[in-house]
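Here the chain labels run A, B, C and D in written order, and each chain numbers its own residues starting at 1.
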Amino acid sequence: MDTTLTGLLRGLIGASLAPKWLGAVTRANEGDAVGLCRALLSTRGEVSGIAIADRILSLIEQMDDDAATSFFHVLRDEFEVDRAAVLEASKAIQSGAPEALTDLQRAAEPPRQELFRRLNAAPRGTARLVDMRSRLLKALRHDRTLAPIDTDLRHLLRSWFNRGFLVLRHIDWSSPAALLEKIIAYEAVHAIGDWDALRERLQPRDRRCFAFFHPAMPDEPLIFVEVALTRGVATSIDALLSSPRADVSPESADTAIFYSISNCQKGLSGISFGALLIKQVVADLKADLPNLKTFATLSPVPGLAKALKDNNQTPETQEALQQLPGLTAAYLVRAKDAFGKPLDPVARFHLGNGAVLHRINTDADRSPTGQARSFGMMVNYLYELDRIEARHEAFAANGDVAISQEVRAHLKDAPTQPDKYKAARTA
Amino acid sequence: MDTTLTGLLRGLIGASLAPKWLGAVTRANEGDAVGLCRALLSTRGEVSGIAIADRILSLIEQMDDDAATSFFHVLRDEFEVDRAAVLEASKAIQSGAPEALTDLQRAAEPPRQELFRRLNAAPRGTARLVDMRSRLLKALRHDRTLAPIDTDLRHLLRSWFNRGFLVLRHIDWSSPAALLEKIIAYEAVHAIGDWDALRERLQPRDRRCFAFFHPAMPDEPLIFVEVALTRGVATSIDALLSSPRADVSPESADTAIFYSISNCQKGLSGISFGALLIKQVVADLKADLPNLKTFATLSPVPGLAKALKDNNQTPETQEALQQLPGLTAAYLVRAKDAFGKPLDPVARFHLGNGAVLHRINTDADRSPTGQARSFGMMVNYLYELDRIEARHEAFAANGDVAISQEVRAHLKDAPTQPDKYKAARTA
Amino acid sequence: MDTTLTGLLRGLIGASLAPKWLGAVTRANEGDAVGLCRALLSTRGEVSGIAIADRILSLIEQMDDDAATSFFHVLRDEFEVDRAAVLEASKAIQSGAPEALTDLQRAAEPPRQELFRRLNAAPRGTARLVDMRSRLLKALRHDRTLAPIDTDLRHLLRSWFNRGFLVLRHIDWSSPAALLEKIIAYEAVHAIGDWDALRERLQPRDRRCFAFFHPAMPDEPLIFVEVALTRGVATSIDALLSSPRADVSPESADTAIFYSISNCQKGLSGISFGALLIKQVVADLKADLPNLKTFATLSPVPGLAKALKDNNQTPETQEALQQLPGLTAAYLVRAKDAFGKPLDPVARFHLGNGAVLHRINTDADRSPTGQARSFGMMVNYLYELDRIEARHEAFAANGDVAISQEVRAHLKDAPTQPDKYKAARTA
Amino acid sequence: MDTTLTGLLRGLIGASLAPKWLGAVTRANEGDAVGLCRALLSTRGEVSGIAIADRILSLIEQMDDDAATSFFHVLRDEFEVDRAAVLEASKAIQSGAPEALTDLQRAAEPPRQELFRRLNAAPRGTARLVDMRSRLLKALRHDRTLAPIDTDLRHLLRSWFNRGFLVLRHIDWSSPAALLEKIIAYEAVHAIGDWDALRERLQPRDRRCFAFFHPAMPDEPLIFVEVALTRGVATSIDALLSSPRADVSPESADTAIFYSISNCQKGLSGISFGALLIKQVVADLKADLPNLKTFATLSPVPGLAKALKDNNQTPETQEALQQLPGLTAAYLVRAKDAFGKPLDPVARFHLGNGAVLHRINTDADRSPTGQARSFGMMVNYLYELDRIEARHEAFAANGDVAISQEVRAHLKDAPTQPDKYKAARTA
């Protein structure tokens, strides 16, 4: 494809007219991303605007990391608010002038926000802006001064990826291969080895997969969750994913196990869809299969091994292994981050959603990863429909962690709580 | 449908659980829109949030005008920015504190923006927010103090109805009747009398209709344009819409006439799609039918009769009628509004888009409306692809109005320019 | 469109090659339908075969009735079986030769069957063959010698329109206008006055419409039925179709009334879909709305007035009108055709399907048609799921007509059975 | 799924009514396929008929080979024509009775044809009949007396799989995985090792895949062809399928190489779609990419090694290998089957379609299969649009084989034609 500006416009309005049309718009060098950004903000965002936006995004996509960082520096500095104008508007606020607030709001919105909105008009614009944000987040790791750009981009993406625009779709063995290929690539919890393994997760009658999509990115899942329909709460991922295995008729299942949930878009990090997805899927499954009574996860405890090691609690003997349930319970319930929330990210996610820590399972994940990060331990979080919101509120307000009787019993057996956990909590 | 909150939740999560789930969230009286708005902002916007949003919108939809205005007053006052916080953030800006700008931006965004974002998650949320804005605009006519609400809502809708999200669709005789019915209802230029008349505009091979849609409102066109493929520029709407008439094979047509363009959503007024639509359709038609050389409108001159009356130029005699082309040209070119732009709204739209006033047609619209508002006069605006952007820029910068040689000749014949026109220009 | 043979091929394989390709195939004059039929049977039915088939069908479509009849004469005579070959094969059968049966079957199939199969490959071939049959049926009325052609065509169409290929589709207000227009045109029982009247039959929540389609004719319904969901069995079409009227929530309805069923394709006459459609719709509605207990028709009695007139029973006085229920019952139950089946075609259809004559309604159809053909009388036939097949069998085997107690009571009141009815039964 | 008859009906009309409805229809033992076949022919083929058809097909699907053969014996004997009736109708023909031919046709059609038509109404009926035929063909290998059943079934399937009903679909990387999995399984020429290999054949811009489908079997391809867009005629399958490789922009390609064509349905053997598919794809590609000038295959020579061995011409030395082009040409052109057509099945197919043997390629297929069956030789057949039909006719009428100058030259070099080839030709 011809990705020069003229080439792009040619695709939009025909060969002979493109150069003339473009000539009228901009004299910007078509290799100059910044110049084109200026031009884009000065036009009205129509046909030529689409071509310019397309070209800018192409140029960014071709930049190496250094060039991208330089470009982001310009976004940070040149497409920033006019501080003088903000100051003046601030003063008008203080003097109580009418319209002052609106003026201030306008002055406080950096021009790069409008730039991003116009870039969005390019073909596949939304997906490309999301990718641009993932590059920005990478650059941000080395250069915190780029944070204001991310503030703007995140603000915009959060607004565009509003719940009202998300579309829940089933993913199954009839889905396009081009999409399924992404499921394999994006699966972040229990790797999918090949297409046969994928089929095992999608085709059997007792398996389900759901994903959120945005209408402007119809080929790109945002997040997906894999579900097993079971009788009783599953306690081992190895059993769940073994092949061959006896399947269960959906009508006879009483439990839905959420055994894997993966975010797909790095460029949407910080804009969370997980709680929404789980609760929507719970509601949909319940409507579809009224026999389902229990909605639970089978979840890893990714931070366990490291936490135990940090506390010199790594179980070295066979005997010590028997302490693992207690240690796991203690880790999940007592180890806190600087905000008083669970240190374990998976615990933080599900407990924050209003789930209860239901059960601790030994020997539940024999994969090398499972052994290395958590000595094979896995846990179940339970989503009890009638208590989700109350638990979520208690967690949000006071950091209360909901646990079952069974977990409480494990906690009693647990070794005295290590200093490290205390430290974490008070950091 | 049961539109109580519990009823709505029941639909989402099943009968027995709804009351418990909801109980956890809110003790707001379910008939109290304001209380529910407060509750909605305090939850995390998930399943129960969807039910609450749905309920709030239902309550608003059932309000009479007085109740709606009262509700808007609360939105204006209670869901407004915290002025003290804005002042403080303003001061921090002045003292150059880090993060100060981000803090200010956050403080300057009224909570009702977030409220609107959460309302959007309700079923059909986007369409219903658009409808809510049309009610707001109605209330605004009587109460200008509601303007800040509209500022927020328009800001959000403009962002959500970004060009990148709009979908161009052909409308034809195979479109759903439920959609075509809306085309009949929304047609704002040349009324469509019945379904037979509609068929005449959609089914013949030399007619086209295009509309923009938003993915969250798939059944609601935002704007549509009707096009006739012709040989040469059509000069009479009566001829164009006569039935029966000889049609033209699309391949042999050299001209596309845009003879009607209608906005469909009052709640999106001020968020303009017209220029985008015309230019996109020009590009699409050109790609599809390379033989098309000319893209023109056949447009009404809606303000002509009133303007002539205001200037005592109403043609009373047969002889006077011969002056109409000159008077029309003078009106379109010289009568200006307070901003120096053409007084005639249709002229303002097309000339602002970069079109040229190409031709003045007498006896072009014999309908009662056509006679009453413009003595049967119609005009053609031409969209010349290679000059659109330059003309648009000249118009935007200097108010330059592009006219053809032919129109220039009419202007020479025109009576001396009336005082009123001057006045308008300098207002 | 260029419908010459070369023009058609050009569309299929490109401009420059068409003449050469065709030249190789046939030297048949492209205006000579019979010559092209010969050519079509001699080729292998691929790309050029498609063009030839298309051309033949176009030529037939342009023929006037006389030309069509002449063409059908050739089909009858030239594309007939080789009688000598049939005779020979018959003899081989009698002598018990192996393969003799297969040879006979082959010899007994006229070449026009293969011709029809090849014509089917033309664009829209199936729909056009159906139309050709409707022309044939018209010609057949004047010339019974064409019957063998129809035997072949009907044999083929019956095989192609096998139940396994039919697709049941809902028709509603979201269906394409181009399809709905056909519903208006094809409605054969209670005329649909305009699009508003159509909307009244499709859009309300208590109305349904279903049609059978064939995949090769996706735009052409084969047959459709209109259904009203009611509480109790409806007894008046005027009440059912009045506007405005109180609608019923589908969940609260206990009855589905089939108030109109129309065949759409004259060219498929004798290939009946009605019984299939009704039973499929009953099964679908039952699955969708388990509260439905009763499936009934509200049907006209089209032959009543004529039958009464033929028997000098036309009610002339107000008093006589009170005898109508009895007369109607007697007509439906006792008036028989030459095969011992009900004389009334609607009764024959529903009773033959296994329905029971349930109720006689006076003053049920005040339309001029309703008055003229049946003095406003209508009846309900009931489809009782658990008795349909038994009743169908009894009807098929013995001509048994199922009637309710109520109808039985009317029969008792009915005047002595007229001779005419007896005659009909024994004819 | 409950596959008893009652269970099936329950699915169609609801739980409580199924037994009653069925009771009325048939007292046939629901495990008795033959009894159910009799019942099916005696009903009218509606809702209960669908359940019976479904049950019969399920029973057949569960039969082992012996049981299936026994069932086929009953189809052969009991559902055969009434020979007495045929004889009588034959005599009527001889006596010239009117209607005699129609009567004979009816008598000569075995009842199993109608049985098959009714089985087709079952869910997935068409696909299951096709599968039933593949079982029949298997049984036929051991028992030729079953041939009459196949005559009937093939007659029906040929009529149902008429060109007018076939749908050409693109297959690409966006196709459903469940379909692509079948492409991997059905590929009969160059095996597709895994999903990555499949992607290489579908996703690159210079690759295409097309398949025919029947609307009643939307998930089952009937036949598919894989195409490479190239510059010049490709001469090595290894080069064509190598990975990575430089791709070609479709617009710049001048040649389409058909490098693999596979039939998918054993049950449709003898009903050929290959010529249709190739010619349709040629037409479609030409319309889509006018730059394509050459349409050629890259084909195996599957019978070469065996033929050379049979003639003691197997090349044993490096020197002998140089004779391979001549030997290949001689084999393809001179080795004939009993009907005077090429012995090599691939040659027979393409030359029969009207292609010309264009080129002989050495070292073109290094796969073990390619070495074993043809010493790595492959050939190109050319489809020259303007000569296809003439060549097809000459081949069909006289067995003329079209060859290029280049092949003619190879033939001159070829060893004297072996006796075996002569023998084959006169067999």
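Everything that follows uses one rule, which is that a residue touches a chain if its C-beta (ideal position, glycine included) is under 8 Å from a C-beta of that chain, and two chains touch if they have at least 3 such contacts.
Treat the numbers as computed from the prediction; the structure is a model and nothing was measured.
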Farthest chain from subunit A, comparing Cα centres? C
With chain centres defined as C-alpha means, what is the inter-centre distance between subunit A and subunit B in Å? 36
As a quick test, compute the distance in whole Å between the mean CA positions of subunit B and subunit D. 57
Two or more other chains touching the same residue: where does that happen in subunit A? none
What graph shape do the protein chains here make by touch: line, ring, star, complete or other? ring
Each pair of chains that touches is included here, namely A-B, A-D, B-C, C-D
Subunit D contact footprint on subunit A (complex, rising order): 173-178, 180-181, 194-195, 198-199, 203
Partner subunit A, residues of subunit B touching it in the complex: 12-14, 17, 20-21, 24-25, 43-50, 81, 83, 86-87, 90-91, 93-94, 101-102, 104-105, 108-109, 117-118, 120-122, 125-126, 148, 151, 156, 159-160, 162-165, 215-216, 275-276, 279-280, 282-283, 286-287, 290, 385-390, 392-393
